[in-house]
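Some structures are shown below for you to check.
Below, subunit A partners subunit B and then partners subunit C, in two separate complexes.
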Partner chain A sequence: MVIIPATSGQMGVLPGHMASIAELKPGLLSVHEGNSVSKYFVSSGFAFIHANSVTDIIAVEAVPIDRIDPSLVQQGLAEFNQKLNTASTDLEKAEAQIGITLHTALNLALTG
Partner chain B sequence: MASNVAVPFWRSAGMTYITYSNICANMVRNCLKEPYRSEALTREKVHFSVSKWKDGKPEKPVIRSDTPED
Partner chain C sequence: MAMAALRREGKRFVPLISPTPINAIRSSLLTEEHVPVGARQISTQVVRNRMRSVKNIQKITKAMKMVAASKLRAIQTKAENSRGLWQPFTALFGDAPSVDVKKNVIVTVCSDKGLCGGINSTAVKISKAIHKLNSGPDKESKYVVLGEKAKAQLVRDSKKDIEICITELQKNPLNYTQVSVLADDILKNVEYDALRIVYNKFQSVVSFLPTMATVLSPELVEREAETGKLQDLGSYEVEGGDTQSEILQNLTEFQFSCVMFNAILESACSEQGARMSAMDSSSRNAGEMLDRLSLTYNRTRQASITTELIEIISGASALQG
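Up next, the complex of A and B:
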């Protein structure tokens, strides 16, 4: 089973799942095989669930969570919270918001 | 039909999906441990040439590159 970070929430995909395309938000992707779990962080992207029970994950960056540095995540979160306060244009605000959402998701993936 | 689904905040701020996705990827790369971080940041390097066309002919190309010119 794979649990994917769909924009609509964590979504479980088992063999036999209906064919579907899901948009992914930055978050944890966990692959459960028997008793072992492999966890990855996906930056954003899509999941294609095919009728033959193959699921493709399309992401610009997908990293095993042990490659993430928790102190850099905390630093990033503080930086973007700061940027949100000083942002003036809609675009700057959106970028700061993306930063906050993404770093919060990274934190959650590391601690969850 | 899909009009009851809210537009994502980045779209309403004028950003396209590809820009959003690349920003997210860049932020993730910056949070990696070494040596993965330096490896990942090389994926952001670009090298391309753009030329505008006028009267059916290309004008002088503009080269955008992260690699130093030799």
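Up next, the complex of A and C:
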């Protein structure tokens, strides 16, 4: 079973799931094989669930969760919050917002 | 009178040569650049110069082969791993290379540097063939050129068809961010119905396959989904409330950047592999040339010694007789 972070929320995929295309948002991806679970943080991408019970997950960046440094995540979150406060143009605001969303998701993935 | 005196003393008849032992004579004769008029020594200087330059060329090509081998090792794993990026898209959309569209854009991926065998020529040849195939009454094809070598060849006869030209791709190590910016640039500035990416796929160090990958525009995918071969696409439910057309826009753009990433990596691998084999055959050629030159050198040297000996001996026998 795979739990993927779709834009509509965490989605669990079991064999026999209906064929779907899901866009991913930054979040935790966990692969459950028997009793072992491997967790990855995915930056964004797509997941295709085919009718033959094959799921393809294409991510721009995917990192195993034990390779993420929590202190750097906090640092990044504070930095982007500050950028949002000092942002003047829409572009800067959007960039800062993306940074905040990403770091919040990272935080959640590390703690959750 | 002077000549008779010289002959009586057993001296040799060539006025400019002093009677020093034979080895010294030979070496002094062979090293002087200007052979005086009337002297009968054969110069091996020309052959020796050529041998020196061929040996240098052999060293250089051997070094270039080693460099290409190490660069290939670095980039090969990356290229093979990147193949998994576009395979899910093919599983979803299928592959439709023969789709007939109005606006084709041919993206040719080539190298910046030369001395890599024939891979750039094959890629350009295939691009030109695709261009010809897709030219008709209301069809048009444009080029997007990546790489100095392809630009040089295509500018000659298709200058007006080249939309964007990108060089110096490999200045920094290749990564996805760089390629996605590139893909974004191309998608924004070029109108297309179908994008055809031509590159050399890396099969092994000695074999490269010129390949064409097709990426369709979102409108075309929708059209094919309704009427054509992509009817299975309708059976995929789209999560999250986007309509199929909205998600198709993102999907095709992502597909293009994934395919570009893989194409650029494979092309870089093929370039290094082709350079390795070109430099290898070059050093082997230089080695063979060196062998042949050595034979010529030795023959020339022995001929000149023999000539000297004949002169001395005939001079001596003329004195006695």
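Side notes on the structure shown:
What we mean here is this: the second predicted complex is superposed on the first by the 112 of 112 C-alpha atoms of A that agree within 3 Å, B and C clash if a C-alpha of one lies under 4 Å from a C-alpha of the other, contacts with A are read in each partner's own complex, and residues count from 1 in each chain.
Just so we're on the same page, contacts are C-beta pairs under 8 Å (C-beta built on N, C-alpha and C of every residue); 3 or more make two chains touch, one makes a residue touch a chain.
Here the structure is a predicted model, which means the values were calculated and not measured.
Of the two partner chains placed by the overlay, only subunit B lies in contact with A:H103; subunit C stays clear of it.
Contacts of A:M18 after superposition: subunit C is touched, whereas subunit B is not reached. Judged by the touch definition given at the top, the superposed model places A:P5 against neither subunit B nor subunit C.
Shared-chain residue A:V60: touches subunit B and subunit C both. When the two structures are aligned on the shared chain, A:F48 is found in touch with subunit C, with no touch to subunit B. Once the two complexes are laid over each other on the shared chain, residue contacts for A:G27 go to neither subunit B nor subunit C.
Put simply, subunit A uses residues 45, 60 to touch subunit B in one complex and subunit C in the other. Across the complex, subunit A meets subunit B through its residues 26, 41, 43-45, 60-61, 63, 67-69, 72-73, 76, 90-91, 93-95, 97-99, 102-103, 106. Subunit C meets subunit A in the complex at residues 85, 87-89, 91-92, 176, 180, 232, 235-242, 247, 250-251, 254, 258.
Of all residues in subunit A, only 6-8, 11, 18-23, 45-46, 48-51, 54, 56-58, 60 touch subunit C in the complex they form. Of all the residues in subunit B, the ones that touch subunit A in their complex are 9-10, 12-15, 20-25, 27-33, 36-37, 40.
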